[in-house]
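Once you scroll down, you'll see the structures, which are given as structure tokens.
In the two complexes below, chain A is the common chain; its partner is chain B in one and chain C in the other.
Presenting the complex of A and B:
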């Protein structure tokens, strides 16, 4: 749509202004970098990749789908407030796009969280983590605004009405620019680690075992993955009145044995190897077959967080 | 619906499990509307000579008196529930099984007449246990869910996933990365990762998951500089007599690995 520049010096004041009318969510560093609701823009960290992704603010960890009050079923009224997320990397933004593909039409709760939400990116000039591999994954431009870091200033690419609205509201921070954002601007250094993106014929390859042998089935990978959306549904009966029930949805994970437990106590993905491969195949094969694009965005969080550092990129690259 | 008669009973232990039940102050009043608590040593008389629809027992068998009580409770109860790590696994007291008597003899109470010592053992070493609510102490939500399930005629579900699942959901910094010996990946959760939320490593009080990858986990800990003996010791500390056979075999079979 249009390109602007913002002086780096002004960034905190801009965010401070935004905070006056919206909730601001951004990566904040304490013992780790996590996306959280910002209290002071000075806490925002742009020098590292966030360890925990932004996912929980949209695909929430615990959500009431419907309630039964003893007489009738009630659907919760969802009124999402005005929210701005700042500091999303290209991978984080694409992850939201991928979750949208799977959830936005079918899931009322998810759709509600996606309303009144402005997405502002911070583009990586260079991979912030040794495990990043977004480079070979055909990521798209998916943002309301994207900030490109150019030393003393940012080049800001505005892509949507939502983005323009921010410019309109705080014009004092933005200067119109003639720069046209090019492919060269979007190039990220050291993020091209994954050489093979088609694994459809490798399912029976013996090398998967290298990962399986080290896998603890702890589900750190899926919890931290910005695209994973496995859940379970359960009924929570009130102890105060056992006729009242909330039907809730909670995060789960395909890495857990209990996840594929069905009536009669049968676990159909009992075997660790099948569970391990299921995650990778969902990310790099099944999703593509259904939605035409890989689910994985190459953020590498599942490797950074894996206690035994199973690097499926290395495993795939090594497959003959 | 007639209210089920429920008894709580404590064998040898710290009474912490009964306290976890008492501490559910928001719920306890509602619970009392649903069940008839006929015995609760902390707040009522403890009469074991009566019928219980559900009897919830904490603590372990450590002397003849405990054993007689337990057998009686079993006879008198339709459903017997072991609550807490002592009743479930034997917990820390059962560590006695792993050390020589001369190491602890001086710590034992002076033998008074009437005390007839038995090596500390969990309930299911002696009687049939219908359900277990694990943990040291048990989690109050799990206790409530258990009671609700029984009242609704549902099979109570035991949480089966490792502690890491809740720990990551709570956005914690992983203590393994801090060089701490955390047993989260092989320990059954359901505790809302209460220890690791406070930066205290998981000591495995709820018992091992049935999905633990012991060779991979021990290899990881060894890479981080822990010795096999200290790993085994930590694994045994809270799971008493319930360290799975396969884990024992792993440690016995590869002493020099």
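Presenting the complex of A and C:
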């Protein structure tokens, strides 16, 4: 739509202004860098990749789907509030798009979280982590506004009405620019680690064992993956009144053994090899077959989080 | 962003148990007071608030009172087993892709079922009863663990007269009597002279039994696209998002639970 510049000095004041009218979520440095609701814009950290993705603010860890009071069925009223997320990397933004593909037409709770949400990106010039590999995954432009870091100032690309609204609200911070954002601007250095993106023919390759041998089935990878969205549904009974029941949705993980357990205790993906491969294939093959796009966005968080540091990118690259 | 109103797909409809019938020590059938259109082979999510939801295949004919056959194995099914006529349950569905009965008109039908896998197959038998002129001969191969475990005993006499019924039990515990074969049902399939001409096979049962049965059918010259299997997986959402029921890239709740055999070829269990 249009391009602007923002002085780096002004960024905090701009975010402070945004915070006055809506909730601001951004990567904040605590023990680790994680997305959270910002209390002071000085806490925002843009120098490293966030360890935790933004997922939990959109696809909630624990959410009531429907409630019961005796025989009465109660549908929760969803009132999405005005929220702005700042500091999303290209991978984080694409992850939201990928979750949209699977969930937004089906899940009313997810859709409510996506409403009244403005997405403001912060583009990497260079891969922020040694495990990043977004370069070969054909990520798309998906944002309301994107901030490109250019030393003393940001070049801001505005892509949607939502983005323009921010400009309209706080025009004092934005100066119109003639710069046209090109492919060169969107290039992220040192992020082209994954050479093979088509793994459909490699299912029976013996090299998968290299990863499996080290896998603990701990599910850290899926918990920290910005795209993984599997869940389970369970009933929670109120301890004060057993007639009151919440049917809730909770995150789950395909890496856990019970994930594919059916009645009679049969587990379909009983060993780690099948579960490990299932995750990689869902990310790089199955999702693509269904939605035409890889689920994986190449953020590398699953590798950073892995206690035994299984680098599946290396494993795939090494397959002959 | 689309602003169109999306309905909450997890909201179930209330229903009451109209008839309760115990089929075997760990299996029972319930008929509910709700009716809707569905295909044979589709399933519903039945739930009891506070205990949970469970996916159960439908074994009645479309538009008639919903009937489910349930084996008591988990929390929900055990709680359902303790219910009686008039008790409330909650239902959402129907879900999934059922058997493509329309496309298979004019064929002889071979139905092979093991244990509670017979439940979804009963839906096919009901369908054929309502559209008898559209299908040729019907062969039933139904296997159970022991005579006590035989399901649909009330219907069995009727099926024996109308169709070519082959009934077997895996074992005959001391003190029980049974006038059929004591053998794995797959052995009975192997022993028949069935050819693949103008036939479709519907197969449902424990994974191992389905593997063996399909192997036998292949040896008899059946093609993969003549065999339809009904798969069982853990399902929560039934909307193709929770990912528990994935069989490689296929979602059992959306793309299945009924698959043509070649659609799952080579997938085994992972």
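Quick note on the criterion: the second predicted complex is superposed on the first by the 320 of 320 C-alpha atoms of A that agree within 3 Å, B and C clash if a C-alpha of one lies under 4 Å from a C-alpha of the other, contacts with A are read in each partner's own complex, and residues count from 1 in each chain.
Methods note: a residue touches a chain if its C-beta (ideal position, glycine included) is under 8 Å from a C-beta of that chain, and two chains touch if they have at least 3 such contacts.
Keep in mind that what you see is a predicted model, and the values were worked out from it rather than measured.
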item: Simultaneous placement of chain C and chain B on chain A, clash or fit; value: fit
item: Chain B versus chain C as contact partner of A:102, first or second or both or neither; value: second
item: Most chain A residues touched (candidates chain B, chain C); value: C
item: Which superposed partner A:264 touches (first chain B, second chain C, both, neither); value: second
item: A:31 touches, of chain B and chain C: first, second, both or neither?; value: first
item: Contacts of A:247 with chain B and chain C, given as first, second, both or neither; value: second
item: Partner chain in contact with A:290 - chain B first, chain C second, else both or neither; value: second
item: Contacts of A:237 with chain B and chain C, given as first, second, both or neither; value: both
item: Partner chain(s) touched by A:213 [first = chain B, second = chain C, both, neither]; value: first
item: Contacts of A:274 with chain B and chain C, given as first, second, both or neither; value: second
item: Superposition-derived angle with apex at the Cα centre of chain A and sides reaching chain B and chain C, degrees in steps of 10; value: 70
item: Shortest CA-CA distance in Å separating chain B from chain C in the superposed model; value: 5
item: On chain A, the residue positions that both chain B and chain C contact, one per complex; value: 237, 242
item: Touch list for chain A against partner chain C, complex; value: 65-66, 68, 71, 73, 75-76, 102-109, 111, 114-115, 229-235, 237, 242, 245, 247, 252, 254, 259-264, 266, 268-270, 273-274, 277-278, 281-282, 285-287, 289-290
item: Complex contact set, residues of chain B against chain A; value: 27, 30-31, 34, 144, 147-148, 151-152, 160-162, 164-165, 168-169, 171, 173-174, 176, 184-186, 210-213, 215-217, 219-220
item: Contact footprint of chain B on chain A as seen in their complex; value: 31-32, 34, 52, 61, 213-220, 223-224, 237, 239-242, 251, 253, 256-258, 272, 305, 307-308
item: Footprint of chain A on chain C - complex, ascending; value: 1-3, 6-12, 14, 47, 49-54, 71, 73-74, 77, 88, 90, 207, 232-234, 236-237, 239-244, 246-249, 269-270
